[in-house]
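Below: one structure, written as structure tokens.
As written, the chains take the letters A, B, C and D, and residue 1 is the first residue of each chain.
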Amino acid sequence: MKSYFSELFTGAWSLILGLKVTIKALVSPIVTVQYPREKIVVTPNYRGHIDLIKFADTGAHKCISCGSCMRECPSDCIVVEGEKREGVKGKVLTIFTLDFTKCSLCGACVEVCPTKALDYSNEYELAGSTREQFHFDLLKRVEERE
Amino acid sequence: MDINQVKKQWQELSTAVEDVEYAVSGHDYNVCLECDKVRDFATLMLDEGFYLVDLMAVHVTPAIEVVYQFAHFETRCRVLARAFVDDKVEMPTISDIYQGANWHERETRDFHGVVFIGHPYLKPLILPEEDVDLKPLLKAEAKLKDVDAVRRKPPEPAPAPKAKPAPKPEVKPAAVKSQEQS
Amino acid sequence: MSMDVKALEDDRHHRYVLNMGPQHPSTHGVLRVLLELEGEYAMNLLPVLGYGHRCHEKIAEFKPAKSFMPNTARMDYLGALIYNHGFAQLLEKAAGIEVPERVEYIRVITSELNRIQSHLLWYGAYLLDLGAFTPIMYSFDDREHILDILEDVTGSRLTYCYFRVGGVSKDIDEKFVTGTRAFIKRLRSRFPMYEDLVNGNIILQKRLIDVGELTPHICARYGITGPLLRGTGVAYDMRRAEPYSIYSKFDFEIPTGTKGDCMASFMVRFHEMEQSLRIIEQALDGLPEGPIMAAKVPKKLKIPAGDYNSSVEAPRGELSYYLVSDGSDVPYRLKVRTPSYSNLSVIPEMCQGMLLSDVVSAMGALDLVIPEIDR
Amino acid sequence: METFYSILPELIRIVVCAVCGAVIVFGNALVMGYAERKLAGHIMLRPGPMEVGPHGIYQLVIDGLKLMGKQLVVPAKADPLLFRFAPLLAFAPVFVPLLVLPFSEKIQGFDLDIGLLVILALASINLLAILIGGWASNNKYSLFGVFRAVSQNVAYEIPMLLSLLAVVFMTNSFSLKAVVAAQSPVWFIVIQPLAFLIYLVSIVAETNRAPFDLPEAESELTAGFHTEYSGMSFSLFVLAEYANMFIVSSVATVFFLGGSSGIPLPYFEYSGIIWFMLKVYSLMFFLVWIRWTYPRTRFDQLMNFCWKYLIPFALVNLLITVVMVKLL
């Protein structure tokens, strides 16, 4: 009998405590961000898909088309091709594509690159309606970039 | 649990019991069994308070090896028990002793095609019903290795600096021989 | 899939089969459970798995071992760093690589943050299962702070691939340290709120106490580990039982329960967050300077022939990687022992004769991550 | 013809009341739908609907239009007639109780001597609709929802009636107007606090709202009795739920909170309705507030709570009331 009433009262008190928490929350400011209208600043360390870096001093990328990234990639999503050209030392990059649908963002390619020519982009708003939209031509991207 | 006593009991059931360097391999004992002793061994382990960590198969020649991993709640004692399946790719079930083995055995049946005799419900678990004969983890002929190729090589300049003298010599040939006998 | 529903229903007319999942609000992913019901009592349960099977073990046999690292994160998306940790440790053990001390500290700090993050998500989602809609928003609010901290250092928010064989991919900086300290303070101040809103709530207690009781013996038979096991009173935590990394250096308690019911594991998980905070605090205090990569990590990581095992404490229990190597850099066989797999296998026994509502609370208490089960 | 003219005023009165009732039902659904989502949002530290109109105030209108535009899917193995009939049955009777509610001293459709009985009788029809709808869906989850709904509603009607009966014994009348009139100067919540609490708990169960929302417990039964309903037939259930919330809150207001009594506002003859609505919506705010705070109870515990706590307390309360009424 005693436990019958004590349970009733402790139970009721626990319910009141809960109500106190929610009413406090009701009057406190919201914490969410209204995404398309407001955006939070993405950390510069964010690892999006990879990109070739355009170096300011030369105005070009530094890829020597050695293919290390291609070999290192666990998902085989990078294709690099280069060709020998007259009067140029080393190989010239002709194709550098990334199949982002397969990429798992592990970063192995960036770390293995001997010339540090690769970096992560900061793009996170990636949505598309076809797979082909995510077959990035990184060479074209680096050439188009300012 | 008195480890020496338990070890003695293991020795009675198994063809070989070996100590393994924990710092290198992550487990303490290797126990090689014949497949008809697996159930006795599991009963013993349950009585001693071990729990079943995992059950898996490794496809090697001469036969698929089923590896049971046990560990203990109170003391660090991680035991790998191995047994080769018989020539009908069969193995007695331990799912009535360790109920947790039920799903592991079904999974092993899915991936390696090992049939566990006495299992109450040996239907595909991870794979869909129609892939019952797929056995995806069986190695292709070219990749299949002999069991000795995947055993730790005894004499070697210690691979890890912190590893103490290399583990004791392997007694594997015995296991292989037993396979041939069966 | 395989249970013959028609026959079951025809044989025993007073029972019928309810199909829960693969799309059901409380199965958290693509788990399907066939419930044989008598009235509202579940007399028999049959989990059907495999909807999310991605052949991770097969993939592992086809590429160099260290390339498997991103896959580990995809198995348990909530404990990605801990899965990284176990795998990195496995390869280091196998190849005999000595890891710098700073790396171990960073690994512990980020792993524990990851564990708190996982528990916070479970906390919210479990209460959602029990019909409380609000706590998940509060716990996500806290969780976002962890994700922000981890994003800043690892570069991703969920499926981290941060650890490398022999080190980590990026050093932590002052911002990380202050951010983490601020978070510890914040989360500690939030615990009383959770106590008031949730833990003390009479409705919640009535829903959880005496539901789904487990005993250490059941746990041994099914291989149940993690908070469920600790709820039965066995203080078995891989961080203590087989101290890996530098966990032996830290002073922390292993919360245990007594009854082994849902409430016990609920409180174990809740208190584990506190203990993880303690570990992080100690690790931040003792953080040494040094390199973040082992000196000699061969480019082609050849693993000496033999078998290797590495066990770590994942948020849901014991995670073991078992690697069989034939001496090349590609694993001959890699088996991942995921905690949820063994934990889930108990539900036919655990939930027998339970009300449907209790089945939901019991399944929530298992803290299932389905991709981890299906692999 | 003579008779027609004699009943014409009464007919017009009925039509006007019915129209007003419809306005209240739809208006209430719009207000409550919006308020609930907004309150839920802010309790969860998020803003709730924000996109349609300033602070999302047209959200419910848009939602209503969307629901109207949706196809009504009848499952292949469902009973098509009953399946379509159930939402109508849930929705139709909610107008009638509005006719007898005294919104103020002057605004009342009909002052019946058996006002309370009309309300309670018609409120139970909603349950029948749930039963028919869940049964006709031919879905196991719906069936569970129905099991729970029926037993829960039947059980909780008892403490609800007993707590109201305590007030009825004090006023000697089922007429709502008489009950309101009896509450000057002291509201019955002061004299009958226990009855009020019991009533409050019972109406949460009667309206199938969290923490007693077992018939639609979405984490267990996906959506319970309305799992198979779509479009307008679904929204009729929702409309009925909000209308029922309004009715039970109104009854609580009439029986315990003094109905339309309050400080008369200057220059406004019908100030009673403002007080009435204020009280009703405060009660409804409370219902929303607890919904977003607590976890869901389990079915057997819900029943135990009713039989072990509510009914004994209600009976004791009634007994004391009877004795006191006799003595004083």
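In this section, a residue touches a chain if its C-beta (ideal position, glycine included) is under 8 Å from a C-beta of that chain, and two chains touch if they have at least 3 such contacts.
Source: prediction; values computed, not measured.
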Count of contact steps on the shortest path from chain A to chain C = 1
What chains touch chain B and also chain C?
-> none
Taking mean CA positions as centres, which chain lies farthest from chain C?
-> D
Looking at C-D and A-D, which pair shares more C-beta contacts?
-> C-D
If you average the CA atoms of chain C and of chain D, how many Å lie between those two points?
-> 44
In whole angstrom, what separates the CA-based centres of chain A and chain B?
-> 41
Determine the centre-to-centre distance between chain B and chain D, using the mean Cα coordinates as centres, and give it in whole Å.
-> 64
Approximate Å spacing (C-alpha centroids) for the pair chain A, chain D = 50
Which parts of chain C, given as residue numbers and ranges, touch two or more other chains?
-> 134, 138, 141, 197-198, 201, 203
Residues of chain A that touch at least two other chains are 15, 18, 21-22, 25, 31
Can you list the chain B residues in contact with two or more other chains?
-> none
Touching pairs of chains in this structure are A-C, A-D, B-C, C-D
Which of the residues in chain C end up touching chain D in this complex?
-> 16, 18, 24-26, 40, 127-134, 137-138, 141, 197-198, 201, 203-204, 206-207, 355-358, 360
Per the touch rule above, chain D residues touching chain A in the complex are 39, 41-47, 50, 289-290, 292-294, 308-309
Which positions of chain A touch chain C when the two form their complex?
-> 7, 10-12, 14-15, 17-18, 20-22, 25, 31, 43, 45-47, 72, 74-75, 104-108, 111, 120
Give every residue of chain C touching chain A within the complex, in rising order.
-> 63, 67-71, 74, 134, 138, 141, 148, 151-156, 159, 161, 164, 169-170, 193, 196-198, 200-203
Mind pulling up the chain C residues that touch chain B in the complex?
-> 1-2, 49-50, 53, 55, 57-58, 61, 90, 93, 95-98, 216, 219-225, 229, 234, 236, 241-242, 304-311, 318, 320, 322, 324-327, 332-333, 335, 337, 341-342, 345-346, 349, 374-375
